[in-house]
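Here it is: the structure, laid out below.
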Amino acid sequence: MRRVTGWIVLIVLVAFLVWGVTLIHPFGYPDASDMDDYIIENSQEETGSNNVVAAVLFDYRALDTLGEATILFTAVMGVLLLLRASKRKKETS
Amino acid sequence: MMEYIPLDFPFLAAALLVGISFYIIIFKKNLIKLIMGIAMLAAGVNLFLVSLGYRAGGTAPIYTDVPEGPMVMSVPQALTLTSIVINVAVLALMLTMVIRIYRHTGSLDSEKSRRLKG
Amino acid sequence: MAALITHSPILIIVIPLLAAFLTPLIGMTSRKARNVLVVVSLVFVAFLVFALARDISINGIHVYTLGATSPDLSIPTGFMVPVRIILEVDGMSVFFGIIWAIVSLAAAIYSLSHIASETGQNRFFTLLLLMVTGGFGMMFTGDLFNLFVFLEIASIAGAALIAFRTKFADTQEGGFKYIVVSAIASLMVLFAIGLLYAQYNSLNIAYLAQVIQYTTLDKIALGLFLIAFAMKTGMVPLHLWFPDAYSVAPASITGMLVITSHACMYAAFRICFTLYGGVINAPVVGWIIIIFGLLTMFVGVTMAVFQKDVMRFMSYHAISQLGYMWVGVGVGLAVLGNPGLLATYGRDAMSGGIFHILNHALYKPLLFFTGGALFHYTGTRDLTKMGGLAHKMKWTTILYIIGTLSISGIPPLNGFSSKILIYESVYQFNPILTITGIIVSILTLASFTKAFHSAFMGAELPEYKEVKEVPRSMIIGMVILAAGIVFVTLFPSLIVDWIIHPAADALIDPGPYISAVTGAIP
Amino acid sequence: MLTKIVRTVANQLILFIVIFGLYVIVHGHITPGGGFQGGAVVVSGIVMLLVAFSSQELKKLLRERVLSIVESSGAVIFIGLAFAGIGTVFFYNLLVGTPIFGRVPAIGPGPGDIWTGGVIPLMNFAVGLKVIAGLSAVVLALALFSGGEEVEE
């Protein structure tokens, strides 16, 4: 029963995905590119950075990068939290 | 200019990766395999995102000593970079939890280690 | 003050974040200073949220463009498309923001003594603050990819906190299930974002709402969004992970997790009503939401009746209550295209659903906190092993009674005022929905009475002779929520006028939300 | 712990790996790379040390406490740079046009200039610090834990 449901879900999902991706613009010829054109044209002037990706990361979409750094911080904190000793050393010694 | 290839290979490859990873996630019982499935799902989504921004014959969007010509779109690259780092973080945390589960139950089988029923 | 209000959308997100980064540093030197930092930052954030809410009710939607030369310069001069990340706060966002501010403050205060005997407290509070950041970010952002990033922050921090008590195996499994579900859901969201980006080359919700065509790709993206967010809120076919994760977390975290699932619900509403608001095939999507909402209500409560573990029992009730909100808002969505019906009962149904979110966000964390208080001294979550605790834990008992009466919709408590709003309006749409709702409500009351009886009533058990009332900070945390319940009970019409109707109107008409960003087009 | 050959080679290589990583971080705004990528390169060097030497030896070199402080301060620097612009708007790039990293490069393709980019190089540096400290802490904690040792608070 569970396997059958699993296969149905999988087939429906994959069918939709493959159908979906065939409807996207042809690879290499995007439909609309207003935002990206603006960024490529103006990033040198507005941010002074030659690397447009760095300009996007740290200027145009800087909050995403802050979030990304935060996620890394969260994961580090989480890993250290989960691998901690559950008893304090000071009390035992 | 390159000739246009009618099949959108990168998009199809991304869809295929996502499909395979869903197969793994739905049917595999081993927790490590489950994590590998999620890593593949992330890889598929990242491939999809980064191939959205490609322009035929484009160069990398970095002005330092670049040849003349179109540049590929820069926002999908930034999104993909963000998404890769996020997935590294998620994988690290998942592996930690699996190590802890293994210490407690001595098993990586999701059926065996499931103590809670309901 | 004016500058503070202008910058408040970003400050509300960033202040807990800054506090989270400072917590490990300060915690190394002094425990007391760390506790003060956590509480003070959350109090300040709560103050900012209320100030922002007041300003929004007077001046309308707040737009904050990050990194531009002016906060309201949402579109670069002489250009047509928003380029930078834009935070956008309207009535709906700030409604959820108020809830999140109150509950996170209560949870942080409650945690101060709830986890006082455990190791790893610095990291616990760091993660708690990060979770607060993630929640606020999800509610206030006007950018789809940014929504994804904050969704991930909230879920990673949440998963690590669920697994906080590492000496038990079930906590690790609960945390693992939560992070697997979150990872899959957020990757689906990311795929859907990619589909939208491919067609319109934008990530801004308001701009996308203006240009969206409802092509086949958009429909697939909508499906992915809804499945992902429904999965995160524990809608019924995808609810199996929900009690496993919620029941094993520390009680304060469970209370906050309830609100993160509300935040996912907010994201689903934002996508249905604002992003797809102009083009969506409302009756079909509305009915799908209603049917799954009904299932959620019913399955949740029937599973809850059989539970012996107090936290699992409450988790199933949380699933069931989430169903009410889906039904209320689903009815509103189903009649969205019909102004007449919308005015007669659609708006009321949506207001009821949204009001129920507020009430649920007050009484469900309260109930989880009382469950945590029981666990704090008895060391067990098994209801059959408890008994006679009312003699020792007077405050906890009173607070539990308030929560129970409220969740079962007993007049005149706040749960009643939102449920009656849902029942009345939904009855005109389809009577079966109301009847199911009332049955679920009765079952809820019955099961909570039973749980009350086995935990609190009866003779004092000999093994709980040493039990005393829980520490003061835990009581303060619970009293904050109970005070909220009492306030809503006393002034329901005030609450509805001030925050519920603006939120419902923000959902019904996406126009102001869109023009706040794109209106600057010359 | 591996043979003496591996350890000697690792000892020599780590210098080059760290320098390459720092190069990628510092030149993030003019060539491909940046804080995350360069940080990952440095951490790969640390993983190499972890393989060549035992985790116990590495633990003496990289204290958990120090890593934690470095990571938090990297994050605080990043968010502080963002706060610096709040006179205008949060994340406003206020260093463009000033003597510090403020030059504007010639528009269009050209050679890079290190003194450009405003706050971008500084943010890259902060993120690089954070990634190095954070990922090293994770790798080290996992290695120590599989050896039976738990992280102290």
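For reference, chains read A, B, C and D in written order, and residue numbers begin at 1 within each chain.
Throughout what follows, a contact is a pair of C-beta atoms (placed from the backbone, for glycine too) under 8 Å apart; a residue touches a chain by one contact, two chains touch by 3 or more.
What you are looking at is a predicted structure, and each value in this text was computed from that prediction instead of being measured.
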{"item": "Comparison of B-C and C-D (more C-beta pairs in contact)", "value": "B-C"}
{"item": "Interchain centroid distance [CA atoms averaged], chain C/chain D, Å", "value": "36"}
{"item": "Between chain C and chain B, distance of the C-alpha-averaged centres to the nearest whole Å", "value": "28"}
{"item": "Whole-Å separation of chain centres (CA-atom averages), chain A against chain B", "value": "9"}
{"item": "Interchain centroid distance [CA atoms averaged], chain A/chain C, Å", "value": "23"}
{"item": "Chain A: positions in contact with at least two other chains", "value": "20, 24, 30, 33, 35-36, 39, 44, 50-51, 53, 55, 57, 59-68, 70-76, 78-80, 82-86, 88"}
{"item": "Junction residues of chain B, two or more chains touched", "value": "18, 48, 52, 62-64, 73, 75, 79, 81-82, 85-86, 89-90, 92-93, 96-97, 99-100"}
{"item": "Contacts with two or more other chains, residues of chain C listed in rising order", "value": "17, 21, 24, 66-67, 119-120, 145, 149, 152, 156, 159-160, 163, 166, 172, 175, 198, 201"}
{"item": "Topology of the chain contact graph, where touching chains are joined (line, ring, star, complete, other)", "value": "complete"}
{"item": "Contacting residues of chain D [partner chain C, same complex]", "value": "65, 68-69, 72-73, 75-76, 79, 82-83, 85-86, 88-93, 153"}
{"item": "Chain B residues within the chain D interface of the complex", "value": "60, 62-68, 81, 85, 92, 95-96, 99"}
{"item": "Residue ranges of chain B in contact with chain A within the complex", "value": "2, 4-6, 8-12, 14-16, 18-19, 22-23, 26-27, 48, 51-57, 61-64, 71, 73-75, 77-79, 81-82, 85-86, 88-90, 92-93, 96-97, 99-100"}
{"item": "Contact set on chain D toward chain A in their complex", "value": "28-32, 34, 36, 64, 68, 71, 75, 78-79, 82, 91, 93, 96, 101-105, 107-108, 110, 112-113, 116-120, 123-124, 127, 130-131, 134-135, 137-138, 141-142, 144-145, 150-153"}
{"item": "In the complex, chain A residues that touch chain C", "value": "16, 19-20, 23-25, 30-36, 38-39, 42, 59-64, 66-68, 70-71, 73-75, 77-82, 84-88"}
